[in-house]
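In what follows, chain A forms one complex with chain B and a second complex with chain C.
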Partner chain A sequence: MQSVEAQTGYFPGFLRQLFSAAGLTLLATITVAIATFVIAGPFVLVNAIVTGGMWALMAAGLSLVFGVMNIVNFAHGEFFMVGTLVAYFVFTPLSEYLKANPSPLLAAVAPFAGILAALVVGAVLGVVIEKLVFLQLRKRTKEQWIMNSFLLTVGLSVILINGVQIVWGPDFKGITRYWDVPPIDVFGVTVSVDRAVVFILAMVTMGLFWFFLRRTRTGRAIRAVSQDETGALMMGIDMNRIQVLTLALSSALAALAGASLLFMFPSYPTVGLKPLYIAWYVVILVGMGNVAGALVGGFIVALLQTMTSYFIGPGWEDVIPTAFVMLILLVRPSGLFGSEVKGIHER
Partner chain B sequence: MLELNNLNAGYGFLQVLWDVSLHVDDGEFVALVGPNGAGKSTTLKTISGLVKPASGEVNLNGSPIAGMEAHKISAERGLSYISESLNLFTGMSVHENLLLGAYIIEDRRKQRETQDFVYELFPRLKERSNQLAGTLSGGERKMLAIGRGIMSEPSMLLVDEPSLGLAPNLTMDVFHALETLRQSGVTILLVEQNVNTTLKITDRAYVLEQGQIVLEGPSKELLKNEHVRSAYLGV
Partner chain C sequence: MAQETETARTKSLPIRERSRMSGWERAQNRLGVSRLGMLFIVLLAIIPFVPPFSREDLLRWLIGATLIAAQAIAFDFTTGYINVVNFGFAAFLGVGAYTSALLAVQLGVSPWIGTFLGAVPAAILGFFTGILTLRLRGIFAALMSWFVGLALLGIARNWVELTRGPLGLNTPTFLETASNRPYFYIIFVMLIVTYVVLRWISRSQIGLAFKAIGQNIDAARASGVNPTFYRVLNFTVQCAFAGWLGGFYAHYYGILTPQLMATSHTVEILAIAYIGGRGSIWGGAFIAFPFIFLIEWLRSNLTEMPGLHLVIYGVLLILVMIFYPGGVAQFYEYIKGLVGKRRGEQAVAPTA
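Take a look at the complex of A and B:
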């Protein structure tokens, strides 16, 4: 013990953080990103950053639901799917209307209408599912909660996928682009406006989400529930309210991701499965229940995937991240950023 | 202030409390002592709503609270429970733990005033206000749990075994803090195994054995009681 202290004692704080697992991972990621930029060209990196932001939002929601409600949510991808569907049905009529009577202002705003609608529908769906499914289960199950709720989410996923297929059919519902304007030039790299806006949207949402969890009374209560349920009850925190809010928030973020990426992922009933698996890669990679890590992890996994499909081949983009996750778990079972600060007196 | 009438409670098929009746008057400092497994902690958990009573009454300020949800009892009835396991939010800073203690108080200025009071009571917490609760020492954790418990400005405080696992001088610090709180008008029900010290600082005490109240009276008299002396004080 003493020698460890003596070793780390020489380093100033930021250096010590740099040499921790999280710091090393970040360094490696940034190095790989720069290497990709140089070797494969900027386009690969742009794709990684754009999808990465949205995977981060998906994973953060998934992680939050696991931490606060102890639910291993395998229906999370269906919120993504609902997001793509809502955005398609709101945006397509608007763009038809725009073709008939062009208006630059409406053309700029219309995509946001679709994304906002998806966000709202996602949140409402989250509330309905919590009240109709998880609240009912919570009243009836005392033991085996993790297993029972997990099975329920799998069932929910099957029902949502097939329900959508019955009502709206199995065909692809996609758009070519949100904003019909020429691509812009960012530091000599050509980026489509869709990708740029989606990236900014992901960043802003992440910032707001982070601020909400860290700095507001309700956000603090959500974190309190995830750390100690009994303690939260003792503080007068209404658990039901927090649980409804958490699922609504998580599903809204997933729907937002789906709607934002509609131009890359056309809507069809099982479109959510891939984002679901990616979100799980991220959550397992950074450590279960670690929301902050999930935000960073989204970018790491997206970079791994785009790199794999560029350097090795498009069919491999699920293989390499999975292998990477397995490798990480062998070395660090609690995930890359998984650090549990729990004292002897509490456990 | 607090009144239990013929309270029966337990976990599943295991009944722990048998017809427990006790009362704590306004401004009183009352102790509940007894051996391990007597049901002291269960009594406090039942009062605070974490354990649902099978039968019997719990009245706080004249209105029944038995069977109410735990978060409502602390949010609406001004009761604060400091548990034996502390239930701190270990991944949050001392400051954030205190803010969560004041969750039900929306007035920011009032929050700050109470926080200043807590920091005055436990200067150590002020030094560590940005440190994660999980990295505190045992004594500091107790202080934080008590500080967090009084952040909601409760009129009734339930404290479970604050001396557990503490060095004697730290134990005295914690007891002094409780005395200070009592002087500021908080009614306290204290559960303790450290019978000698407890009986010296409290007004009245109940002795709980095997889920039943076997003795009650002013603490000074209990100190002289034959049963208490032989069973708890070892003299």
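Take a look at the complex of A and C:
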């Protein structure tokens, strides 16, 4: 995963790593983060860290689907939206029930029920879509697969957005907070419990995901398929199973991100658009198929956004990161961290 | 009519053959319109006077459909030829619309001139988008143009002093009349011009180069086609037309919001162009008419289900992509093949 410059540079060891594009970006990010902390106050940084973790989850799923199935998933944001919706419909009745008969244990567990339900629904949705849509196309033709499957996901996105709008209406369905407890104090900064838990959840999920891909047999099979499909097939890997699993995993992660951020992103039909393109920014920033990089990229993009929104004004937080990502694509088409996965070139 | 001219007309013709054709046929060949296409155009020209369609509300649908048809042609010019989906298409449309509208509002430029001037910044932006996407292949170029579109949409939304943002910009209309019929003829002429110009380009040597790049960029480069030049050219031309059509949008509807530039609008055009058949130029333009009428009918009859028409777009897009990737254009070729077979060696209708 090292870039060419890193291997041929004059600097030894860690210095070489430091002066690669990735290293420089990391340094710049940390500097900017500290500067933001000093100038704008800790709240901006906390926001960036909390959302950054979840963007990393979105990006990891997106990049996995691209690496394994060669699908550029335009409907990824809709899984996020489904996640918010499920969490809302599970959590709201529970909190109503809690108001009637309070119970501290249930109050602590109820949000997790919502998030878990979103995870399961997301996974099921992924399986259904793979079986109903992508499998059908794959059976018929593999010609221009990337473009065709991309257009399928565009269709899926439209169907999911407007289907949800028809059934549940276009209004905002949100909650103010998951845990009704006073905020906690972290190094002198007040952080609401929701944000803290969401951050921990993102980190734990990311860790589990990484462990799954690296250390388990199925995870290794998934990575094998993303590296060389034919070779994986010859090793007796069941391709259909891997593909179903990949899409289910990716959509479950997106739904989890949606459910966890319900208190920041109330559920409405087009809520997924923003997370979708943020996830794309992250993936392009760090390159395809780079799960660990997605974590860093998630924080970079989130920081960029909160900073833009703080210094330039709300509303511009989409324009500036877009320009930034376009610049990156221009200079380094394979992403900052330069991992060139085969899927990048159309076959 | 001699039989050999009939069959030969389907291909590009040598001069010798061309001299044998009548003046009318030569004109048809030059415009790239078949007899069936001519019939369709004539039908379209008289339809605003045919009773059910002469109603003002149906005329509005007709104008909407014609506008979509022209956009689908411009969209297919890039998608079907160089095989790059310009996912920011609607944004370029919006650039043209906003330029023309702002020129009219701020400087008092006549909409008739402003519409053409609107094509200029759209073309320039298209030129730069073409350069931006050069190093990227297929899908990454699509993503890049999407990002450009998102950035433009963001600017239109947030630059409130200029565009009034989501409040919408009131724009002067082309004419003072309340009737829709003159507007139909404006967009009708624009549709014909768009079709003839883009069809002409795509049938020329340039179009051949576009197709070569779209199919295999490396092979095209190896055989001496300069992908840089042709891709940028394609983007510039497409965006110029998008901007021009955007000008009509601004001065017909009289109100302009950034929503015009949203991705969902691009998806609408994309679905129509694909259902019509990519790489055919005419497919999307043809299917737009029955399709938009169906959609508008659904929309006016099922008001309690907003967004249903978009679900239909999505479902149809998926079904076409999976089961019939050639779209309506391929179906037409199939029918033509059947007719041709039955008539043996007899004449077949030329491609539209």
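As a convention for this text, the second predicted complex is superposed on the first by the 326 of 347 C-alpha atoms of A that agree within 3 Å, B and C clash if a C-alpha of one lies under 4 Å from a C-alpha of the other, contacts with A are read in each partner's own complex, and residues count from 1 in each chain.
To be clear about the criterion, contacts are C-beta pairs under 8 Å (C-beta built on N, C-alpha and C of every residue); 3 or more make two chains touch, one makes a residue touch a chain.
All values reported here derive from a predicted model rather than from experimental measurement.
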{"item": "Touching partner for A:Leu151 - first (chain B), second (chain C), both, neither", "value": "second"}
{"item": "Broader residue contact with chain A after superposition on the shared chain, chain B or chain C", "value": "C"}
{"item": "Partner chain(s) touched by A:Ser103 [first = chain B, second = chain C, both, neither]", "value": "neither"}
{"item": "Which superposed partner A:Trp316 touches (first chain B, second chain C, both, neither)", "value": "second"}
{"item": "Chain B versus chain C as contact partner of A:Asp228, first or second or both or neither", "value": "first"}
{"item": "Partner chain in contact with A:Val72 - chain B first, chain C second, else both or neither", "value": "second"}
{"item": "Partner chain in contact with A:Thr190 - chain B first, chain C second, else both or neither", "value": "neither"}
{"item": "Those residues of chain A which chain B touches in one complex and chain C touches in the other", "value": "345-346"}
{"item": "Complex interface listing, chain A residues touching chain C", "value": "72, 133, 136-137, 140-141, 144, 146-148, 150-152, 154-159, 161-163, 165-166, 170, 269, 273, 277, 280, 284, 313, 315-316, 318-319, 322-323, 325-326, 329-330, 333, 344-346"}
{"item": "Chain C residues within the chain A interface of the complex", "value": "83, 85, 132, 135-140, 142-144, 146-148, 150-151, 154-155, 157-158, 263-264, 267, 270-271, 274, 305-308, 310-311, 313-315, 317-318, 321-323, 325"}
{"item": "Sites on chain A touched by chain B in the complex", "value": "217, 220-221, 223-224, 227-228, 230-239, 341-343, 345-346"}
{"item": "Contacting residues of chain B [partner chain A, same complex]", "value": "48-50, 70-72, 74-76, 80-81, 83, 85-92, 96, 99-101, 103-104, 132, 134-136, 138, 141, 148-149, 152, 165"}
